[in-house]
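Shared chain: chain A. Partners: chain B in the first complex, chain C in the second.
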Partner chain A sequence: MSDPSFWPFWVGALCLGGLVALTWALERRLIAGSGSITRVTTALSDGDWGAADEKLLNDQDALQAALMAATLAEFGEQPDVAAPAAPTPPAQPSSWAPAYAHLVFLMMIGVGGLLSALQTGTFNADWSLGTSFNEIMGAGPVMIGYLVLGGLAVGFGTRMASGCTTGHGLCGVSRFQVGSFVATGAFFGTGIAVSYLIEFLT
Partner chain B sequence: MKEAAGSCTHMRGCEMYGLFGSQTLLEAWKERFCHGDYTKCQRYVRTLRGERVPATLLPNGMDLPSMGKS
Partner chain C sequence: MNSAAVRTIRFGLVGLLLGYCLSRIGFTDFGEVHAMFLFTDFRMFLTFCGSVAVAAAGFLIFRKGRAPSRRDLHKGTIIGGVLFGVGWAVTGACPSIALAQLGEGKLPALITLVAIVAGNFIYGKVHQRYFRWDPGSCEA
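For the complex of A and B:
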């Protein structure tokens, strides 16, 4: 029997799968949690939220005009090019979206958790990560220090692996990308191993 | 930087590569960068540096919105 304090697992599975499919159907792009965090923090740093880029990419006439101007500037009046032997393949999936779209995506993760907690009546503002965690990691500043270190390790790992559980686990595995299978196996394998280790230590 | 052999390994997922197929004249970009010396492509260079690559950044380092204004 499922724990009534959580939504059933299949609700989460349907929501996540639906989000991936809907984002692809509507925007032809893949979702990426760590990529979104990177994009938002970069936008906060350089102030470029991508609105100008989005406007141009959605205006086909302006886009083609800008492309032609750039081409003539780079190659001269008549670049010597042969007609392509085969039509260009359709655009490949990317994770590009204006930074504010990434911000909304990240905020909705919190909103989803909040809705679930409110609906099941389990909402409670609490900083505790559980008794097992506290027994090993301590509490207060020490615990916060461990969390910061953990966050840095996760950030380093996701950059090194070019993705996290969202990009690799949801989008990569569903597209049968070999690298994503390896990455996801590493994520979850490590998670399961650490869980057993904590269980063993406590 | 070493001369590139073959085609760019980042073509998949490159927003600009898809745009270069919309007109024959634009194929010049592909010939020079995507299928030529892609190590000179600023999109490729920035990716290797771990920097953000704007969707509208051209391989030569120019930004498309600025070209539209000229």
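For the complex of A and C:
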């Protein structure tokens, strides 16, 4: 059944799980595909790619001034209240990264797919998701319909659930996060049910 | 080189390795994903479980420093997860996968990708307008 060019499960587990562990160990960062997409989508709609914010983060004085300005803008001047002076948050190592870094991350996933396909000799740029998709789901306009509706469900659902296979499935379940267990159960369970439905209907 | 550039490059390297691994595992192949969901082939299911186990070991070993963000249950967790499950079973793609598929030359993945970004954008608007719960951090 399985194409022999795919990795056996233990190689995949070591590489994928190892990548998550290594990214955490070296970067103190969690991998989250839908989180990165949310950041890029937000930047696309408001035009703020985060370069200015990053400059601020690197300049503590400017950051404090900006925090103060934002506080004043939000709540107005309150001279009567003996300002319990919003304690300025201590500089913490943050996982924050500008939106353009998330864009680079996402684009490099594509480059990774390209390298893999070149290496296994399966690279073939054409208007097809592969023979299995055509056989099971269909090709042509039917395929476009499925991809549009399914893609919308994936984008909407992953943001609604605050995560996807990487953020919840890989990085959340492995840290015993309740939300991730429930989300992963929900999307895996639904994936199983819908796949059986597809099998039943075709 | 300034730290922003270095950080972005490291970010990109993680993406590169992620895309490569997902593709070599077969997560970008609709037939493999379909077989995983039908339990007609356990290879990818075992890959996923094994990856979680390896990642869990990593999180246990490297506990010091910044605490990773929590992922609590909220009102959108189940409904969002179910919607994602439907979309994943139909398209064979989760968000990262669509990008890796595109890199492999599977051009229709561009439709999936645009639809995912659109769905993400629409949820942002809907959440602002109708929902008030705290979705927590989805940040990497």
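A few points about this structure:
One rule holds for everything that comes next: the second predicted complex is superposed on the first by the 119 of 202 C-alpha atoms of A that agree within 3 Å, B and C clash if a C-alpha of one lies under 4 Å from a C-alpha of the other, contacts with A are read in each partner's own complex, and residues count from 1 in each chain.
Keep in mind that, in the parts below, a contact is a pair of C-beta atoms (placed from the backbone, for glycine too) under 8 Å apart; a residue touches a chain by one contact, two chains touch by 3 or more.
Everything quoted here is computed from the prediction, not taken from an experiment.
By the touch criterion stated above, A:R159 is placed in contact with chain B and with chain C alike.
Of the two partner chains, chain B and chain C are each touched by A:R39. Using the contact criterion defined above for the overlaid structures, shared-chain residue A:L106 touches chain C, although it does not reach chain B. When the two structures are aligned on the shared chain, A:L147 is found in touch with chain C, with no touch to chain B.
Judged by the touch definition given at the top, the superposed model places A:M137 against chain C, while chain B stays out of reach.
Look at A:W96: by the touch rule set out above, it reaches both chain B and chain C. Chain A has more of its residues touched by C than by the other of chain B and chain C. Of the two partner chains placed around the shared chain by superposition, chain C is the only one that A:A13 touches, whereas chain B remains out of contact. By the touch criterion stated above, A:T71 is placed in contact with chain B alone, chain C being left untouched.
On chain A, the surface patch touched by chain B in one complex and by chain C in the other comprises residues 38-39, 42, 92-96, 159. Per the touch definition, chain B reaches chain A in the complex via residues 11-15, 17-29, 31-32, 50, 52, 54-56, 58, 60, 62, 64-65, 67-68, 70. The residues of chain C lying in touch with chain A in their complex are 3-4, 7-26, 28-32, 34-35, 37-44, 46-59, 61-62, 65-66, 68-74, 76-109, 111-124, 126-127, 135-140.
The part of chain A that touches chain B in the complex is made up of residues 38-39, 42, 46, 48, 50, 52-53, 56-57, 62-71, 73-75, 79-84, 87-96, 159.
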